[in-house]
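What follows is a single structure, and I will ask about it in a moment.
Chain lettering (A, B and C) follows the sequence in which the chains are written, and residue indices restart at 1 in each chain.
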Amino acid sequence: MMILDLLTALAKVVIIFAMILGVVPVLIWMERKGAAYIQDRRGPNRASILGMRLGGIVHSFADALKLFTKEEIAAGSVSKPLFYIAPMITFFIAIVTVGVVPFAEPLRLFGYEFNLQIADLNAGLIYVFAMSSIGVYGLLIAGWAASGKYPLLGALRAAAQMVSYEVALGLSVVAIFLLSGSLRLQDIVIQQGALIWDWNVARQPVAFVLFMVALFAETNRLPFDLPEGESEIVAGYHTEYSSMRFALFFMGEYTHIIVGSLIIATLFFGGWQFPFVAAELMRSNMDGVIVIGWPAAGIALLMFGMFLVSRFRRRYRDLRDYETLLFGVPAMLFATLLLIAWAGLLTRGYLDNIPAWIGNAVVFAVQLGTLLAKALFFCAFFIWVRWTLPRFRYDQLMNLGWKVMIPIGVANVVVTSAVMVFRP
Amino acid sequence: MFEAILFYSLAAVAVISALLVVTRVNPISSALMLVVCFMATAGVFAILGAAFIAILQILLYAGAIMVLFIFVIMLIGTDPADLKRRQMTFAKILGAAAAVYLAIVLGLAAWRPPFIAAPMAGDAFLSPATIGKQLVTTYLLPFEILSVLLLIAIVGAVVLAKKKI
Amino acid sequence: MMPQFTQIDWSSLFNMGLPWIVIFAAAAIAFLTAALVEEENSLFTPVMTLVAIAVAFALSWGRWLSPLPGLSFGMLVFDKLSVFVWLMILFSAAISVLLSIPYLAARGFVKPEYYGLLLLSTLGMACLVSAGDLLMVYLGIETMSLAVYVLAGFLRYRAASNEAALKYFLIGAFASAFLLMGIAFVFGSAGSTNLAVLAERSTEIMAGEGRSFYLFGVAMLLIGFGFKIAAVPFHAWAPDVYDGAPTPVTVFMATAVKAAAFVAFLRLGVSVFSAGGEVWITVLSVGAVATMLLGNLAAIVQENIKRMLAYSSIAHAGYILVAFPSIVSDPQGAGRAVLFYLFAYILMTAGAFAVVVVMGLGKDEPTGISRLAGLGKRRPVLAATLTLFLLSLLGIPPTVGFFAKYYLFLTAVKSGYIWLVVIAVINSAISAYYYLRPIVVMYFKIPSPLVGEGQGEGETHALSPFIVAVLAITALGVAYFGIFPSNLLAIVTGSF
């Protein structure tokens, strides 16, 4: 039993970390494409493997390859151990934060329970804050160890900014504690329910806005990317970094965005709750869900394939032209197979009584997908904001943090608690 | 067994990093070692079953207070060349000897095997809800006085440090 | 084990804490004034502060007169003792405020925050003297000290003031660490930080397994308190801090802070320390002797009256400590003697420092003893009051200082510490040298203009009415309770 528990824990860690790390290149691709569309251009679309460009996502892998093979440079004056450890800290802290996010309801299979959440702490949310508060060390150490003017300035900016916005971040969430009465993230998700107007974003819009803004500051993203403000201090705390150490900072930032999006989705957007369809409802009507969901998925895949095929043009006169066909035709074929299988199973009555474990698995998958979809939406939001808003000036940043957000946060807490007390 | 190994390694980390805090010449290194020490202490709390306290330890001490410490040290900017090397003085040797003596006396006084492990405080005892309730019932008055203390600290810092008050 | 929650009787807590709320409200108003009002050169804040202190005093006085035996809220204990000491603290605070008005005005550094911090400091003292729990003792000490650290460095343009604040802060933080460590060890061995529980169980703990831990914790607590009351060998900060701090703050430190710390020490002595028995008696007797000797001997060589008074305050701490070994056998007598002494000490010290404030009303602080030369001619009344205070500090019969020392030594003799009293009396004789020296200078020394003696810059000003009030009150107090000590004794007896 002990060994099994240990293996499950290990499996969870591997699955979740792999998931996060897998999303990182996608996010980089989203960032570059998003930037391109916002600036009315095409974005990366040249790199290809045997003619496959995957809409430019191959560029992410090319980048990774480039960073891996670059020379590592450490200037003579840096203090070596700290200089080397700083990017690791940044990346490590960013990724361990995900440990308390509940990705779905516990999955019950054959009498065994599998909870896709690394640690179900009763102080889960505080853990998130603790991790985000020590996340600044990576930046601080990096900036200091590089022993240069610009890195140090970047580190100082990072420290002041993150400490300041942490207060607002904490205050914004106090209202959520008050509503849910628990710090356990699973409880917060369950308590929100499946109805959109019961989600915390509807009940606590002020807290949501505060949280969102503070999160931007915590992740050092535009409009709060002063620690690396390239027009002022070169590249801030990672000026001196190159190769994979730089890449770790880079990945740390995107990991931070993903984890932050997961937290937003969990706290304010019902986590793994599928909109309007509660898990119980889905589970009790599983045959209907499968009968309707299966052909819907098939038709969607079919249409996607048709779309790809319709995009076939002889533009480059080489392998790249056939990429659409390479993906479109198999998709259409697979979709047809799916639909035929569905029709066959339906007419023979196999879909009338679904075993419970399939139902549980489907619910689990739907919940996981829901949460990831919500999180990806917020990742996209992060990118959208980055390429839309200009950077703050430093005093404006501090004013916003201390004189606007914190008072609003306090007022929100007071109002919420007053409502909680005096509500009949 | 596993717990014992974890405890002793964390305790060792805490003690060694605490020693390094006082022996490092560079203040930044000292501060970072103090952070390590806090982390190890938080780990010990977590082993004792007080996850909430452990997290608070990280959040407040490592995450907020020490960040400000390091911020200030960086802002003041000490050049490593300016730092004086440590010297042995009679007072220091005497102080160290007294500390060792006290530690030995205390250790001998406390050394009474076989040790009885204290009962673990239950999960309910250390949950955030319980701690919160204790803060507004049993410990309400200290809690309020603490807020006065913090008010004094804030006003005092402004009075002493701001250019124009 | 399920957690237990203490329920608090809110209405009676509010009733007992009303004076504190008044004080806190006044501090809040002071801070708001500082933040919102541009024109700060007004009497509004100090007068408001005085009114708040008066209101709090009146409310507390009513509580002292009421026949209630005392209320305990677990963390706080409102009994006659705490209310009485709180009254003394308010009195000292009022005196400091009165002295601060002309002092700060002369330096053009009138800031409302000053009064707010002073008030919050008294709030910390209130917690300290009413503490029913080690946790509250610690918080009270921190609240009290933190505000005083800032006040000590309030004159930011003076290097001495900055130095005083920094020294006081570092030493204070160090002392707090000892205190906290001591609390941790006491808690570890006794399983509680509640003073009532500790008083019940300390003898049992001392006999059992936890003895060494308990003793260690008590030793740490002793060190922490030793710093706070400036007992030798933890006294080294006191002269520099008393000298460098603004004089009204020095008054506050020498009177209110000291009284609060001593009373908390007394409370802890009765509940926690007395279980230590022989150990406690030995440590405290040695501490008392060392404190008296060092304070008196060092005071002799001082040329600056402020520094001299600082060392004299160390010596007086030593006198008070003479009564502490008696706690083991006669807690009531020792407590009363200490209270009597503290009350007398507040009156005399506040008065003496008021004269120092008059001397130092100029930009710099010319407080050398030689500056007093000829004061007997120029300012006969001022010189006479200073003489009265110094004689009282020395302990000449018709003043309150004499009776204070008398009761203190009487307690010690009753409990059988005759050798201690002999040393204390010898010390009093030593102190005659430095207490009489300013008197001699004032009346018999002709100021020599070459070395800038006499005519302290402040003396050219007309005496501020606030200082006159302080001098009048303290001088009357010293004289009245010197002639009718039984009145004060009755009050003290009713309090402990």
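One rule holds for everything that comes next: contacts are C-beta pairs under 8 Å (C-beta built on N, C-alpha and C of every residue); 3 or more make two chains touch, one makes a residue touch a chain.
Everything numeric in this text was worked out from a predicted model, so none of it was measured.
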item	value
Top chain pair, ranked by number of contacting C-beta pairs	B-C
Chain nearest the global centroid, as defined over all protein CA atoms shown	B
Between chain C and chain A, distance of the C-alpha-averaged centres to the nearest whole Å	60
Chain A and chain B: spacing of chain centres that average the CA atoms, whole Å	34
In the complex with chain A, residue positions of chain B that touch it	28, 32, 35, 51-52, 55-56, 58-59, 62-64, 67-68, 70-71, 74-75, 77, 123, 127-129
List of chain C residues in touch with chain B within their complex	1-8, 24, 31, 34, 73-76, 111, 113, 116-117, 120-121, 123-124, 127, 133, 135-136, 139-140, 142-143, 146-147, 149-150, 153-154, 156, 165, 209, 211-213, 216
Chain B residues within the chain C interface of the complex	105-106, 109-110, 112, 119, 121-122, 124-125, 130, 133-134, 137-142, 145-146, 148-149, 151-153, 155-156, 158-160, 165
Of chain A, residues touching chain B in the complex	82, 121-123, 126-127, 129-130, 132-134, 136-137, 140-141, 143-144, 152, 155-156, 159-160, 162-163, 166, 181-183
